[in-house]
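In the two complexes that follow, chain A is the common piece, with chain B as its partner first and chain C second.
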Partner chain A sequence: MEAYIVAIAIVGAIYVLLTLGLTLQYGLTGLVNFGHVGFFAIGAYASAIVSMQGVPLVASFAFAALLAALAAWPIGLVALRLRDDYFAVVTLGFGETVRLAITSEKWLTNGVQGIPGIPRTFAGLGVGLPGALATLAAITLVCVAAALALRRITRSPFGRVIEAIRDNEEALKALGKDPARFKIQVLALGAALAGIAGAFYAHYITYLSPDQFIPLVTFYVWMAMIMGGVGRVSGAVVGALLLMLFLEGTRFLRDIAPDAISGVAMASLRFGAVGLALILFTLFRPQGLVGDYTRR
Partner chain B sequence: MFGALLVAGIVHGLIIGLAALAVTLVFGIARFPNAAAGDTMTAGAYAGLLAHQASGSLALAGGAAVAASGAVSLLGYLLVFRPLARRPVASLLVAAIGVAFVIRAVLGLIFGHQQQVFQVPLAWPIEFMGLRIPPMDLTLAAVAACALAAAFGVLHLTSIGRQMRAVADDPDLARVSGIRPLRVMVALWLLAGAAAGIAGLMLGVKTVVSPEMGWEGLLTAFAAAILGGIGSPAGAVLAGLLLGIAQEVSTPYVGFTYKIALAFVVMLAVLLVRPRGLLGRVEGVR
Partner chain C sequence: MSLTRRLVLGAAAGTLAVPYVVRAQAETFRIGALNPITGAGSPYGTGMQRMIQAAVEAINSAGGVNGRRIEVFAEDTQTSPQAAVLAAKKLIEVNRVRAILGTWSSGVSLAVIPLTNEADILLMHTSGAPALSTPPANAKNLGYRYQATNDRFGRAFAEIAVREGFRRPATMAFNNASGIGNTDGFRRAWAAKGNQNGEHVVYEPNQPSYRAELLRVLSTRPDVIVMGSFLPDTTIILREWFQTGTPVKWIIPAWAANPQLVQALGPAVTNGIIAVDSVSNEGAEAFTAYDAAYRRAMNQPGASNVYAAMTWDMANTLALAIEQAKSFETAAINAAIRRVANPPGEAVSAFAAGKAAIAAGRKINYEGASSVLDFDEFGDVTPDFGVFFIENGQFNRRYVVKI
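For the complex of A and B:
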């Protein structure tokens, strides 16, 4: 039982990190990133591949963050020149292209067979509960640091600029600020968070394959962010926890009634539930559950 | 070899062109990229499959596909996109993803996830100038041509089509000229749904029918719509043909999985170099 709770806490914390990254990009800056899963995948594969060459995990995590941030760079350069709707389509395409590249480049990623046997975090403590608890402590620490950093950002001049980009980019330009530089930084920072989340994921699950990085993951994160409240750090945390409740709840439902709901039916139901949540929250409660009611 | 790929590319390109037509009409008139277009295609493919299994007639299957996709498309507009019309475009984007997921979930629950195929009779390919052309390809090309002719007929020869083009051109001017927005939007979503339905049916006949098929074709349809120039129906079809041929001809060199990546690269290149696409008007995408 403890093992189970620790396990979902770790996965929940991974989603918190992903949601914080998206909150920075969309919630604060207004960048409609539909390719979050691509940065997550880049971080996961980067850390897994490098660590299996004998690089220590601390370095491989840093490499994951760096590579994900670097991947955001060209996307940023292209996308900065585009309107929201085009940006969404481009990032959606980016996420899919990353997955296709992972599937095709077998020499690097072992294709659809995937990479097994990725070293665990805190392997020195054994595979049981102590190692998992240490991992949980580490990722919680990273989450707290990221959340505090984000909160700090919202109160800094940098934060005021990026929120101004979201609210009125033209006015910002008129004041002599260059939104492009800020957008690239925000994209890279958010991608780095997703990359670190990917590294934690890779070293916790210890097995990677392309079908773990379908676009649905991106929209899990969107659902978490929208449910929690767009543009709020606390909303990101609440949303990610709600998402975990949803994912585990649907799994639990299937465990108690395996005959009534087949595996594929459950997959469809999850899809439908995510879709409905996205529609209903957008329609009726765009601020989310703990959203900012002072603005629209 | 090249000729065979070219023929396959043209048929594939017609499918992309129809899907891109659905995307570009909505993008040009309702002004957002509809991510549910792919899954609207899937709905058409399943409806066509059911009709084909029941009757064996491809024409009836086409009718069923058009009806089902048109209905799904219109329902999406009335229930979701219409109430969101005055919201920021990001809301519409997120809601469109939601609609796509809901359609896919419903289809998955009803029909299951195993791939299904249209039971079409095998026939000898027709020899034409040294090319072997499967008769089914000719049939599909004819279906696509009819569908395109019908769509362009509606757009250019009917009053409602003229009104749609007017709204695409300048929504405010259209409004003050006495064009009723609701009628135009209903016609738009029906037309876009019908085009997606035919595209889904053709894709299903050509490959397999599965709940994921439409979503997988979505990116290529977006790429074709952007390459053709957003809001330009003729551009969408032309770009679809170009992309289809490029994807088929490049497959021996870059492999099957990079087909979609090719569409992505084309999309990026167009957005950077010539954002208005092949036949689009000058409009700000930036």
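For the complex of A and C:
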């Protein structure tokens, strides 16, 4: 039982990191990023490929963050010209482009065959519980650091500027600030977090293939953010954990009543439950569970 | 007594505990059915899971294994390694299963096998990736592959192309590990025979039309097109090919060229197609039993889901191995699997018959519904390939290819 809970916690923490990145981009700055999975994929593949060449994991994680942040640069340039829906379309396209590039560049990514045998984090402790606990500790540490950094950002002048970009970009320009630089920085930072999440994912699952990086991942992250509370650091954490509860909790329904629900019905039910939760949140708690109640 | 929050919570917790209390009454041998109920594998997953349950039902009604009933815990991989890892952890840690049966895609199997190795339990899968045969994935030799590798299929295609006298083969592959594995295996084997490979097109899934890809292949005037494909895309490609009126032959894996394809396109379009199957032992007794069970559970012919035939065989070989081992320990069961599945021995096609033969002290050789089911030293099946010609909507087996 412990190992199962630790496994859920690790995957949950990966989603927390992803959600924190999106919170920075959408929640605070108002950039509608529908291509989050692209940065996640870049981080995962970057760390996997580099580490399999013998680079130590610490360096490969840093490389994953760096490469994901660099990939955000061109998206940032696009973001200067596009707002809201248009930016959303471009980022959605970006996420798919990354997936197709991974599929096609066989020399680097082994294409659809995928990369097996990626080294585990804390491989010295074995595949069992100690290794998993150490991984969980490491990713929790990263999550806490990211959450604290984000909290620090929201209270800094930088944070006030990006929130102003979200609320009224024209007014901000009139005050003499240049939104472009801030948008690029925010995108790069959020992408770096997604890249680190990707690296953790790669070294935990130990097998990567392009079909793991479908847009559904992006929308899971959006669900987590909306349920938790847009624009709040604690919302990202609560939302990601709530998402895991929905996705994993439904498994146990079938153990209790195995004959009542078929596998296919269960899968539909799971999506139905998440969808219903989203609708109910929008209706009754639009700010999310721990959303920002200071503004209406 | 008033309905308090505490009372409701207590009652809920009690309800949750009921299955565990009930199950505690009789010791069972627990197995996990970890199948692709949703996602890319969803056309097969439900059938695979039902056939594990149906086979276990038959096993239990024949008195169970080594004195215990088998209990199945079913999970969905969502055809996603991440979901599969969590599902496998749950099966191993919470349900305490002693074997996991029926992972489908290579990605899922490669992600799950480190966990089953760690827990020292068996993993029986239907994936094609070669990496699953050898260490690190199969370091403990606890993994069994019930599907011929895609590479073996490709080699069989090449044998058939030579035998049929084709000179200019082109290949078309669905862009996933299985599709490309088939055509790559073919191209390697074809080149190894000193032949020239023709045009090779890889196409993306879920397109409404494959006309552009098809015309690219047809423009090179091949005499045969070798496919690494699945049913939905094959249906579209063949329909569009027929509209062009270009004469060409087809070699297609039997999971794509099946009776449903004939039903969708009619006998005129499908006439002359060569369908290649890992001798899904049609005609074998095990297949008849499986087919009946599949029709009962899914209301479709058993031949429409080759993977379900494999999961049926998984449950049966596992049960026979336990019976043979007279033990519930993984090491003993693992040692017994080849003993009950491989020749020599008395050919048996059902658990009940095998159990009786083992009890009488005879060496048995389970002949499965999916193939004759003999495992090599890597835990891979090494089937023969049946070559079927579709003629007037009928599948006629002409010959068998051994590689």
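Definition applied: the second predicted complex is superposed on the first by the 259 of 296 C-alpha atoms of A that agree within 3 Å, B and C clash if a C-alpha of one lies under 4 Å from a C-alpha of the other, contacts with A are read in each partner's own complex, and residues count from 1 in each chain.
Quick note on the criterion: a residue touches a chain if its C-beta (ideal position, glycine included) is under 8 Å from a C-beta of that chain, and two chains touch if they have at least 3 such contacts.
It should be emphasised that the depicted structure is a prediction, and the values quoted were computed from it without experimental measurement.
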*So, does A:Pro116 touch the first partner chain B, the second partner chain C, both, or neither?*
second
_Just checking: does A:Ile8 make contact with chain B only, chain C only, both, or neither of them? Give me first, second, both or neither._
second
*Counting only touches as set out at the top, which of chain B and chain C does A:Ala267 meet: first, second, both, neither?*
both
*Taking the superposition as given, does A:Arg83 touch the first partner, chain B, the second, chain C, both, or neither?*
first
*Applying the touch criterion given at the start, work out whether A:Leu66 contacts chain B, chain C, both or neither, answering first, second, both or neither.*
neither
_In the overlaid three-chain picture, which partner chain does A:Ile226 touch, first (chain B) or second (chain C), both, or neither?_
first
*Considering only touches as defined above, state whether A:Ala101 meets chain B (first), chain C (second), both or neither.*
first
*With the two structures laid over each other on chain A, which partner does A:Ala134 touch: chain B (first), chain C (second), both, or neither?*
neither
*Touching A:Leu283, do we find chain B (first), chain C (second), both, or neither?*
first
*asked:* Just to be sure I follow: which residues of chain A are touched by chain B in one complex and then by chain C in the other one?
replied: 103, 264, 267
*Partner chain A, residues of chain B touching it in the complex*: 27, 31-33, 35, 80, 83-84, 87-91, 93-95, 97-106, 108-109, 112-113, 211, 215, 219, 222-223, 226, 255, 257-258, 260-261, 263-264, 267-268, 271-272, 284-286
*Any idea which chain C residues touch chain A in the complex?*
15-16, 18-19, 35, 37-38, 40, 42, 45-46, 49, 73-76, 78-83, 85-87, 89-90, 92-95, 106-107, 110-111, 114-115, 117-118, 129, 131, 136-137, 175-177, 180-181
_Using the touch definition from the top, list the residues of chain A that touch chain C in their complex._
1-4, 7-8, 11, 103, 111-114, 116-117, 126-128, 201, 205-207, 209, 211-212, 247-248, 251-252, 254-256, 258, 262-264, 266-267
*asked:* Under the definition above, what is the set of chain A residues touching chain B in their complex?
replied: 26, 30, 32, 34, 78, 81-86, 88-90, 92-94, 96-97, 100-101, 103-104, 215-216, 219, 222, 226, 264-265, 267-279, 282-283, 286
